[in-house]
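Several structures are given next for inspection.
Shared chain: chain A. Partners: chain B in the first complex, chain C in the second.
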Partner chain A sequence: MNQEVTILTLTSSTQLSLVVLFLPLLSFVIMNLWSKNRKLGSYVSSGLFFVNFIIAVFLFITIWNGEPEHSRWLWFEIGSGIQFTSGVWLNNLTVLLLVLVTLVSFMVHLFSLEYMKDDKAYNRYFSFLGLFTFSMLGIVLSDNLLLMFVFWELVGFSSYLLIGFWFHKETAAKASKKAFIVNRIGDLGFLVGLMILWSNYNTLDLTTLISSAEITDPSLTLATLCLFGGVIGKSAQFPLQVWLPDAMEGPTPVSALIHAATMVAAGVFLLARITPFIPIDALHVIALIGAITAFMGGVAALRQFDIKKILAFSTISQLGYMVMGVGASAYDAAIFHLITHAFFKACLFLSAGAIIHSLHKFSHDNDANFDAQDIRLMGGLRRSMPFTFWVFIVSSMALVGVPLFSGFLSKEAILIASLSMTKGWQVIVPILGFGSVLITAFYVMRMLLIIFFGENRLSNIINTSYPSFSKVSLLMKIPLTLLAFSSLFILFSPNPFDGSHSWIINGLSNQLPIEHHSVVPAISVMLVLLGMGLAYAKFKPSSKYIQQIHSEPDYKNLWQSLSFNNWHLDAIYDAVIIRQAIRIADGIKMIEEKLINRFINYFAIFNVILAKILGLFDRYIVDGLVHFSAFASNTIGWLSKNIQSGKAQTHIAWAGLGILMIIIWLIL
Partner chain B sequence: MNSVLLSLLIFIPLLGVFAVLVVPSTYKSSYKYITLTISLIQSILALVLYQGFDTSVVGVNTLDSFQFVEKVNWISLQLGGFGKLSIDYFVGVDGISISMVLLSILVILVGVISSWNVSEKAKGYFALFLLLNSAIIGCFVALDFFLFYLFFEFMLLPMYFLIGIWGGKRREYASIKFFLYTLLGSIFILVVMIALYISVDHPDGGHTFSLLSMMDSSNYSSDAFLSLSGNHNILGYPARSVAFLLLFIGFAIKIPAVPVHTWLPDAHVQAPTAISVILAGILLKIGGYGLIRIAYSIFPDAAINYSWLVGFLGVVSIVYGAFNALSCTDLKRLIAYSSVSHMGFVLLGLASLTVEGVTGSIYQMFSHGIISSGLFLLAGVIYDRTGDRLIDNYSGLAHKMPKYTVVVVMLFFASLGLPGFSGFIAEVLVFLGAFKSEILPKWMTITATLGLLLGAAYYLWTIQRMFFGKYFVRKSEWDNKMFDLTKREYLMFIPLVFLALLLGVFPHFLLDLMNTTINAFVEFVHKTGIAQ
Partner chain C sequence: MITLQHFLIIGISLFSIGLTTVIIKKNAILVLLGIELMLNGANVNLIGFSTNDPQIQGQIFSLFVIVVAAAEAVVALAIVVRVYQYFNTSNVDEPKELKG
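The block that comes next holds the complex of A and B.
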């Protein structure tokens, strides 16, 4: 009845992968124990992450395009022989993600050494980063869904800690709570998916499921869609994408690591892992959700003024692309986009971090109070921060999908795959996919023009001569340079116009490589040009809009309000879910107090009254009887005293009477 | 040594009671040392018990499935036509009860440490505490129904006084409510006990209170009141079903399951910290333990028929308790309602009657014992400092009490089922088992997952309001009382957090103890239950 689980011994590679897994945990422990020494501790932890990256690269070289390695051992056992295992499964997908996660983590560490320098809780920050990376690597390495769920939740927990890192800020505290709870809604789906698989297949082991699941089994559609619920939460898909913009309350390097490159990508990774047993109906739903998310995220990014919010919505949109890719049966393209996106989006976030860092420092040094993330107050940063400008441009172009940049290759692959969905309603998937290309080009161009071109607008609100910003330090430059370089095509494909022969696609898919398509790139390049052109017309430095932008309100009409407020999803959820939940809670409290407790109290009062009545009964009836009997016996005694008067005749007479009465009694 | 181990565990605290009573009140600071010594001795004996326990012993319904057995004829009365009344002193442990015994000893030890500052009427307090200690252990190891009932009632009394004398402002109300509720439950159990006694024949003639004999269908004569052929009806319902439901109500009050739970929040809010810890950590488990050991094992046929009801009340408790916790303003009340919610998983897992579900159910009892003890201690920390537990009266405590905040975050997350802590293993097993079960409809399990979401909501909301944000306390005189955890407080939390983590990462430490017993239990219930 139970699946016999074979134990697979450790190999040198799987052992090494365990080292990769536990080094970040070690960093977490060290940073907690070593909370006294700031400098040394952080360098030790960054060193550990560097070592980790090197080992990951070594593993990558060993495993990539070679034999997958799988080790599995018993975790615990219940009853007689129902086994829960844990294990490490190294294949191309695993080692690719391993390198990505360790690299971006290391980059973010380097960047944070400078960025968080003045923070009081410096060591706490690095310890949380360690915990997060540990959990993320756990998801990547796990060979079964239960273990993956374990790390999945831990990722949620460490993300909670990092978003709420500046817990003294009310907004950060709320955002961390929101992120965890919204993620948990999706995780309930994940859990139900686990329950369905367990009751049908008695195992949660990935390789066993892949080999034994019948793809035609209708319960499998349900199970995989439930698992997809977890993806909707973690990868910020519609309708649960509301937590990600708020998560920007965390330190910016955290946004780069967690809310761009790794944690949010975990959902796409999970889909890629289970893709062999996702039935086609479920894939269609997944593609649709992805396309809707790509579109909604893009639209929401159009009217943001907070630089991190723009990037957050852009992340949602790009994650939508990846999910759409998996849904269009091209998980290889999706993972390709995951990798390229991780680099260029991390680069964008970190350069945004560099800008925010400088502006924040400026506001601090000049005793000026303004929002360091508001792009309405930026402008002209091209001249004052040339280095940041260039890395930002490079990564933006990758995001838009301009030829010669990495994003172009991977996005084309997804768009080509989406063309396979043209039957009936499915056609909406490619339409939304291509539409979002236009939107992306538009909002990225808008962001670039407002931030980097024209004149600096700070002087409009504070009395200062032209502000001079501090230089970006070397510790920040190294990661930015590396990540910007990774946003070029050269790392991924020798041909800058064709991603279908990229080594990533070749390494992941066991199907024939995606056919080269020339129409799709042509259309999308046209869309990109159109979007950028439109944005330029509206936001060019000389335009009236830009001249007035420092006093621009958040939104002026319904459409702007829709975009600025992310389709009003927060307001809708607040009205439909949160208020209702609180009303139910209040209602249940009423039931508790007014119904159950009142019943208990009345029951108690009833008992008291009953007791009183019994008491009265006792006093007047029972006691009365006692008194009466006492009285009676007294009287009888008096009577009998008279009876026993010593007179024999009366004695006999009374005895006769007594006998008579007894006889009468017996007769009656 | 082995043969008297359980008796030692039960009676050493009773010696302590005498010691406390004998030592004059002028030396009242010695009472806590006496109590602590007793607890430490028990802990050592618990280690011996753990070491000597053979995990390969199979079975749940026969004498050889129990270890450390002691059986002595205790009361033997010739009652004329009624036959011989015989009651045995009959104790022993199997995989299910040993985990409960170990849990009790640990929680009691923590309870002693948290009672360290009790100085008001110390003599009475520690004497009652030790009496409670003795009754708890006895309850978990008794294999004679009468003996079980005796210990069960003996827990009630000290608890009543401990809440009623050392409690908060509305202690009388709370203690009487607690007493009446549990007494009601006891009466139901008593009725069934007597009915069982007259139905079950002793192999050597007469009747018996032995739980093991009651589990064996061959001991019921065919015309017995609770015989398995089920000829007897009560108000039109089969007698065995009625008896099972009476037992269920009796133990459901103890667990507590909605709607017979309302004694719990009041008792917890009024009880002193250490008593809350024991109440949540151990006493609630007697309800679950009683269901497994008595209701399910003696009436497997009725159990299979009515498991949907048990599971349903479990789900109701999970969701209803969680919603109630969401609207709480008092930290301790919130934790009390979270207990209602989490004990619902015990019912749900047990009702599934699958190996996964029952394992999860017992694991949840152990895990909840550790974690909820910690949670009530946390509420006690803040109450000790200010005498106030209203969530709205505090904000940003993380600034002033960072270590306290770390422990709060850890235990709150442990309680809301974060992997890495024991609660996760328990809840996942319950979910897997309940969903797989053919007895429970699928919607029940899916509804129960709401408990996880609501758990996250009420805990994180509390953290956000009390610990994050700007520092604020309602009254300025509290300001200098907001010091961080003391050494003694650390001492209470460390073993609890450590165990919650250990059992979350390496569940086999606990599972190995109970696997064979649970397997036998599930097989036994299915086999004898369906055979009827």
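The block that comes next holds the complex of A and C.
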């Protein structure tokens, strides 16, 4: 039953990949030890990440389209012969993600140097970033599911630390707990999936599973769906997407790194890793969940007023696209979208961070107290922050999927793949996919119009002259420029209208390239134009909506209420799960107090009584015996001592008595 | 007619009175007196039993006893004098050198 574990020795590339893995951990350690000199420590850590990025690029050049390299060694052994291995598996997918994670991580470090400059816990921030990147790279490099699960949990934990970074804010503390617990629900699925796989195949090694798993095995459907449960948690899919909007309580660069580019992508990455052995039934479920998530996320983004919440819901929506892509058997397209999305969404978050930073500074300098993330207070930023405006425009166009931008290429690839699902109920998947394109265009246009166009509305709220915002510093400009550039088509495909021949898709898929459709791009471009047009009609600077934007929004309309409250998911979970859980907990508490505590109390009292009885027994019986024997020997001693009084007459008397007794004895 | 019983009763009485005197009396002289009584009690016994003996060995032996008793009385009185000189008392309770 137990198959022999083959040990694969380290090669130079896998050794190098281990260096990439442990450099962020080194940064974590350094930042924790180096608490004296803030400036130097953070620059050293950013330098480490730059080195890391360079090594990752080198690895990418070595491995991409070459032989995959795999190193494996014995991890631990349970009982006799049940061996677990750990290892590093470098193939095209790994090195692609390696470059992505290290690059975005480095960009976020650069940005944070400026963004977090005035924060008290500056060192803690950078050390957590290092820990997070370490865990994420661990997921990417792991060659088996168990090791991946370990890093998966570490990612969840470091995400918890970073969301709750400003833990003195109650909302942030709550959000971090929520993210952690919701993720835990998904991770339970992951764990169960691991158990099923182990009991069926006796291995969790990915390469072995891929080669030995029988795709028709019904338990495999169950196992992969359980693993997908982990993905639902980590990648914020329906029905566990509720944690992601709340996670926006963390610092904005963290949102860019974790909740847009890397951590939430871990789920999609896991799906891509296991996709060779996901049965077709499971794939259909995955595609459906993805499509529903894409649609729900898009709808929820329509009515938000918090700039980071809009971006968070759009992230959910885009993650839905990726999962849908995997479900439509096009994991290459999904990973392509993951890459492009990571760049443009990181760029969007960082530029939103730049805006928030400026507004926050403004409110600080002018002693004005307002929410720096509320888009109702922005408007007209096109003139005061031109650089941010252009960067934001470029990345949002990529998000919408306008031709010439990267998002267009990857989104078209997924949509084309989704067209393969047309049988029966499956047709809902492409319909939701295309519907989300329209919605995405609408809410992005709304966000752009409200933030950057029209007049600045801040002066309506506080009595100042026209606000002038601080310039974006160079340290912030470098990552923004690089990421915005990465949102253009040119990095990914020579043909701006055809993503199916992109080098990423060619490198990832071993099947024939997806057939190029010209209908799909045409439809989606029309949908994009329609959505943007509708949004412009409603939100143009002279419109009634913008004029009345400060008045309390009216959400009597069912649709608007659904959107604003994220489909009331929080309220539903609160009523269905949380309150029931609290009720059960209360019941258990009552049982504990009334029954168990009472029993324990009585038991304790009984014990005390028993102890008293034992004490009495000890004192009077045991001690009494000892005392009695002492008393007896004392008395005997006293008696026999008195015989020898030293008086001659007594001696004589005793001698006479003795003789008398001898005589009596002789006579008798 | 004086029978053996009369001799024995007188003898045991003398011996017992002598022993009681030895044990009870505090004065050393009286203790010596008691010893004499005990010796004479024994003598009465010897004489009593020798009435049935034609060779009268008992009566001869009692003469020896009287002689030895006289010698013993001399020695004992000398000891009493020495004790009196040493302890400044003739009370037999006072010297407790033998006490364990």
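Basically, the second predicted complex is superposed on the first by the 588 of 668 C-alpha atoms of A that agree within 3 Å, B and C clash if a C-alpha of one lies under 4 Å from a C-alpha of the other, contacts with A are read in each partner's own complex, and residues count from 1 in each chain.
What we mean here is this: contacts are C-beta pairs under 8 Å (C-beta built on N, C-alpha and C of every residue); 3 or more make two chains touch, one makes a residue touch a chain.
What you see is a predicted model, and the numbers here were worked out from it, not measured in a lab.
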Touching A:154, do we find chain B (first), chain C (second), both, or neither?
-> first
Give one of first, second, both or neither to describe whether A:422 is in contact with chain B, with chain C, with both, or with none.
-> neither
Report for A:195: first if it touches chain B alone, second if chain C alone, otherwise both or neither.
-> first
Just chain B (first), just chain C (second), both, or neither: which does A:634 touch?
-> neither
Applying the touch criterion given at the start, work out whether A:180 contacts chain B, chain C, both or neither, answering first, second, both or neither.
-> first
In the overlay, answer first, second, both or neither for which of chain B and chain C A:547 touches.
-> neither
In this superposed model, does chain C or chain B come into contact with more residues of chain A?
-> B
Mind sorting out which residues of chain A both chain B and chain C touch, each in its own complex?
-> none
Would you pull the chain A residues touching chain C in the complex into a rising list?
-> 641, 644-649, 651-653, 656
Residue ranges of chain A in contact with chain B within the complex | 75-80, 82, 146, 149-151, 153-154, 157, 160, 164, 167-170, 172-174, 176-177, 180-181, 184-185, 187-188, 191-192, 194-196, 198-199, 581-582, 584-586, 588-589, 592, 596-597, 600, 604
Using the touch rule from the top, collect the residues of chain C that touch chain A in their complex.
-> 19, 22-24, 31, 92-93, 95-100
Which chain B residues qualify as touching chain A in the complex?
-> 177, 180, 259, 262, 320, 323-324, 326-327, 355-356, 359, 396, 398-399, 413, 418-420, 424-425, 428-429, 431-432, 435-436, 445-446, 449-450, 452-454, 456-457, 460-461, 463-464, 467-470, 506-508, 511, 515-516, 518-519, 522
